[in-house]
Amino acid sequence: MKFIVNGEEHTFESGMTVQDLLDSLDYPTQNGGLAVAVNDEVVAQQQWPSCKLSGNDRVEIIHATQGG
Amino acid sequence: MSSKLNIAGRTFNSRLIIGSARFPNPDTMGRAIEASGAEMVTVAIRRVDLKNRDRENILNYINREEYFLLPNTAGCFTAKDAVLTAKLAREALETNWIKLEVIGDVETLFPDIPELLKAAEQLLADDFTVLPYCNDDPVTCRKLSDMGCAAVMPLGAPIGSGMGIRNPYNLQIIREQIDVPLIVDAGVGTASDAARAMELGADGVLMNSAISQAKHPVLMAKGMKLAIEAGRLAWEAGRMPRRLYAKASSPIEGVIGTSPDD
Amino acid sequence: MSSKLNIAGRTFNSRLIIGSARFPNPDTMGRAIEASGAEMVTVAIRRVDLKNRDRENILNYINREEYFLLPNTAGCFTAKDAVLTAKLAREALETNWIKLEVIGDVETLFPDIPELLKAAEQLLADDFTVLPYCNDDPVTCRKLSDMGCAAVMPLGAPIGSGMGIRNPYNLQIIREQIDVPLIVDAGVGTASDAARAMELGADGVLMNSAISQAKHPVLMAKGMKLAIEAGRLAWEAGRMPRRLYAKASSPIEGVIGTSPDD
Amino acid sequence: MSSKLNIAGRTFNSRLIIGSARFPNPDTMGRAIEASGAEMVTVAIRRVDLKNRDRENILNYINREEYFLLPNTAGCFTAKDAVLTAKLAREALETNWIKLEVIGDVETLFPDIPELLKAAEQLLADDFTVLPYCNDDPVTCRKLSDMGCAAVMPLGAPIGSGMGIRNPYNLQIIREQIDVPLIVDAGVGTASDAARAMELGADGVLMNSAISQAKHPVLMAKGMKLAIEAGRLAWEAGRMPRRLYAKASSPIEGVIGTSPDD
Amino acid sequence: MSSKLNIAGRTFNSRLIIGSARFPNPDTMGRAIEASGAEMVTVAIRRVDLKNRDRENILNYINREEYFLLPNTAGCFTAKDAVLTAKLAREALETNWIKLEVIGDVETLFPDIPELLKAAEQLLADDFTVLPYCNDDPVTCRKLSDMGCAAVMPLGAPIGSGMGIRNPYNLQIIREQIDVPLIVDAGVGTASDAARAMELGADGVLMNSAISQAKHPVLMAKGMKLAIEAGRLAWEAGRMPRRLYAKASSPIEGVIGTSPDD
Amino acid sequence: MKFIVNGEEHTFESGMTVQDLLDSLDYPTQNGGLAVAVNDEVVAQQQWPSCKLSGNDRVEIIHATQGG
Amino acid sequence: MKFIVNGEEHTFESGMTVQDLLDSLDYPTQNGGLAVAVNDEVVAQQQWPSCKLSGNDRVEIIHATQGG
Amino acid sequence: MKFIVNGEEHTFESGMTVQDLLDSLDYPTQNGGLAVAVNDEVVAQQQWPSCKLSGNDRVEIIHATQGG
């Protein structure tokens, strides 16, 4: 199954949740400071384990960075 | 010594809001933020870099117990993107405060007024505390104020230009027309610019490049802290009237010697 | 925090020199001088009022162990009168420092350049430490510097006008041409003016009416203290370069949503 | 002598557009318009006064064979009112040209940007030749230009203020970003303001109070005519570069006497 | 159309005095002088080049029946040299008019005030008509006027800098204090600068580099001619008062539609 | 029948056209320079004789005047 | 004998010194801060008791006061 | 005999007048526009034929040139 993650196409197994995606990306989430949107809707952190992704979903994973 | 800044029910001892971008390195950033005395620090919201997990996390350098983070929507060109960015920021940083930027042009970074108004309206309806970056247009500022924004933040000059307060007359008009806090956002290049903004009646100044792009950011941060306090004190003190001609400060009576009229 | 002011071998922590004239009352004067952080206070030299023995003596209000007094020759229109006044000041106050004013016109209080140069020469020959009030003329400033004056003190605007730094270009030229301390004397009206003077490279600012004629002199004195420190820090920090166009402070990469070029 | 102004395919020898309001009397208005050399004259659209049939008709004073009338929508606060006013103007004056004003605030007369953009869009769709009065915001100017307005007309300062070109930097940016004619509308107070506008690259200046409220409107009209030609010529001629320091115009070689370096 | 310039009993239709230096070539110089409308042209006095007998003679390019030559003492650093140069100029050109320059510094070309005053005194005693180049110091201008100079010619900015009128306040003060013609000499860079000088009450402007160093000197000369006329007309016409806020030029009554107060 | 003419209420006989209204107001129209809107729609001059007014119509009669 | 003291004529007995003059004026000198010039020459405080005044001498007695 | 002409040393025969000097320099004087000073004193044109030069005289020969 293909998703667009942060603007780039990735292929993963189907049936994944947001949490699964984050885990498979091996990106450290424990420090907090991340947020996720799927198809332009924010997915709250509590819902990451339950929110299932579908093919062609556009996923945005963001954090804070330097800015003015 | 001067009165405090109050935005949306929150009180700040410092009237300087500092941006966290473009510092030579995180250590300098940290020391400059500290030297500035600011209590509110802006951050941007960006996609994580999935290929570079070790990339530094700004939250490692800014102690959130000490500083209040103000996320921005920099880089957004539409109301839709700005609203989504604001919501992601709320989720990531657990704050409903947002510095709302909706940019209309990459070269000048001037705001897109209709999109800005639309985004502000949507975010206010979603209970955000909205601090919009806008141009120095009294009508736009009044609309933003009337719809419930917590402050208006007109630019003094283009972002990153360091050109100072290009049109003090407009800021003066805005000050007279608006009751919410007026923060001059963008344009300040040096200490006297910041003092000038405060003397025009601004409640605060948001700056970034003026500090981070100075040759010595920590020194400049300290200078900016003092400049903003100085300008605020001058505004509260009430300046002397201007005159074209001179007025002797030393008294005239009792001079020895001859006067030109003798 | 910033470097100290050194004039004629004497070091001052404060770069503000304050005048003692035109305050609402002696108590306000005292508190304003204290709030300003100044260590040098100017006084005028006048005939005693023989008919009014109880008239207040300014020395009762300015503790000479705390403040360094700088007598002036305000009100003198000729080199002869200014030299005599300086000598009387030396006798009365036991100081060979003199703020040399030789006025050329009662309405503008601009200096009379040939008389000023003549007086400076005579006083220097008599071992005075001469701090001349002059106009913002690079040639006059260089002459005064070359002949041995301890500082040059060009005006920013007419005495008591509060018009600010009317010609920053001339001050910039003077700064580049002169090595002795450059004190901007007269013209400053509000805090940003003082910061501006320092950012142009001045070593200090001498002011009076801007403080004594403010609605709240003590508040303004505090503001001026901070403004001068702010301006000095900005000068030492090295300001960011100016650009006409914008330069994003937030980074461009990683923005979510669509850019205008898509 | 300089090149001509071309708007929407129509050529004007004069780059001055003159308003017809607030003259001391119709005769002075007629003579001032003539002295200004303008070929385009703005008029407002107002309800006829049914109780005063003898009220003077402005068309009696402006020969329509000599002058091109440009009706405005002054006084309109919404797109709807401005569009209706434009249509009535078209019917009454048989012209599809309209100076589009949509005001956002009675005190400053700054435009309401979203309503202005909406009105412009509707009028352009109805085949009007739209000349919008706007603020000096590069983004708004580009939008107006992109949607097909025949010119953009940013203000130099508030209408009727005579404050001159308050923010030359913004006009400079607009000039670099916009290809349609740039007319500075409002703010000009005296001749040098008009010349300045032209030197910033404006294609023309629209003014009214600067002429009608001068002590001698006919003289000022003549002055404005010359100032606009002067500013345009200077723009076309290409000004000398600025330097902080001097550059002798008279040659150095062959001076008699001694130089300071001898 | 405006009133004429009268200096020392001689009447000029043009208020522009043009310098003859630094033109790309003599032909351009000739055409630019003609386009400027000037009737008075300044020349320098220099040693003939004995090794180059064919060197061009400026008198071949300036018809002395058409133009009044004003020799200068440019390059002189002492009263003595300036006086000798003036006397040689009188002999060579059969005129007792002299533009008196006594320079105090090669980098800024600011005048040396004591030497200037001394030279003026000597030349006046020798029946010269003295037009002194001086700084914008009201006291020096009044001294020069009082001693009998035919005009005072303060600089607007350093010679050849093109920086415009750096300190309009000083010129305004000088205008109010001086009755002899006030000619702004040096500093003008573009047309609006010249108009500005005239609006401050100057009787004329002397310029050189602004024309000769423009990309197209002949076009600029024409622009300057118009700018000076424009500025003079504006001064004579009496400008409208400035206001911070707007004042509608179109009348308010009879607007159709809804007002914001409904 | 009542109309609002230029913001003020006037009473006229029913069945009137725009031209009738102008005639009855005794306002000189022959010089041109006038325009009329009824209920926010412009009525072209050729249609003045045929355009019938109804009760409560809002009529605007405008001309050019001094303006900047 | 007449002197001009601070611009005004005063008459005193002859043979006076500067100190005598100050005493007779009853002006408090003990706090310091005064200076005296006679005929445009400063008279140092140590010389006040010895400096004799002559008729028509111009005497200036000054102190510091507020100034900018 | 040596003179300083326009800052440079020249050697000529003695007994020369200013006019002789100009002639010997072969500099065209008939167009006018020249002036001469000897030892900082202007020599009027009528006196050129009579004004004798002495050794070490400093002679300045000037004309108008471009200037601002």
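Quick notes on this one:
Think of it as A, B, C, D, E, F, G and H in the order they're written, each chain with its own count starting at 1.
Methods note: a residue touches a chain if its C-beta (ideal position, glycine included) is under 8 Å from a C-beta of that chain, and two chains touch if they have at least 3 such contacts.
Quick caveat: nothing in here was measured; it's all calculated off a predicted structure.
Here the chain-to-chain distance from subunit D to subunit H, counted in touching steps, is 1.
Any chain that touches subunit G and also touches subunit H would be listed here, but there is none. Residue contact pairs shared with D-H exceed half only for one pair among A-B, C-G or E-F, and that pair is E-F. By number of C-beta pairs in contact, C-G leads when C-G and E-F are compared. Inter-chain spacing, taken between the CA centroids of subunit B and subunit C, is 30 Å. The distance from the centre of subunit A to the centre of subunit H, with each centre set as the mean of the Cα atoms, comes to 95 Å. Centre-to-centre, using mean CA coordinates, subunit C is 45 Å away from subunit D. Centres computed as Cα averages put subunit D at a distance of 72 Å from subunit G.
Of all residues in subunit B, those touching 2 or more other chains are 19, 21-22, 44-48, 72, 74, 80, 84-85, 88, 105, 107-108, 110, 158-160, 163, 169, 173, 208-209, 244-245, 248-251, 254, 256, listed in ascending order. Contact with two or more other chains is made by residues 6, 37, 60, 62, 65-68 of subunit F. Per the contact rule defined earlier, chains pair up in contact as A-B, A-C, B-C, B-D, B-E, B-G, C-D, C-E, C-G, D-E, D-F, D-H, E-F, E-H.
Here subunit B touches subunit C in the complex through residues 1, 19, 21-22, 44-49, 72, 74-78, 80-81, 84-85, 88, 105-110, 158-163, 189-196, 199, 208-210, 212-217, 219-220, 222-227, 229-234, 236-261, going by the rule given at the top. By the touch criterion given at the top, residues 6, 37, 60, 62, 65-68 of subunit F touch subunit E in their complex.
Taken together, the subunit H residues at the contact with subunit E in this complex read 5-8, 25-28, 31-37, 40, 42, 44-45, 60-68.
Within the complex formed with subunit B, the subunit E residues making contact are 169, 172-173, 244-245.
Across the interface of their complex, subunit G is touched by residues 19-23, 29, 42-48, 50, 53, 57-59, 69, 71-72, 74, 80, 84-85, 87-93, 159-160, 206, 208-209 of subunit C.
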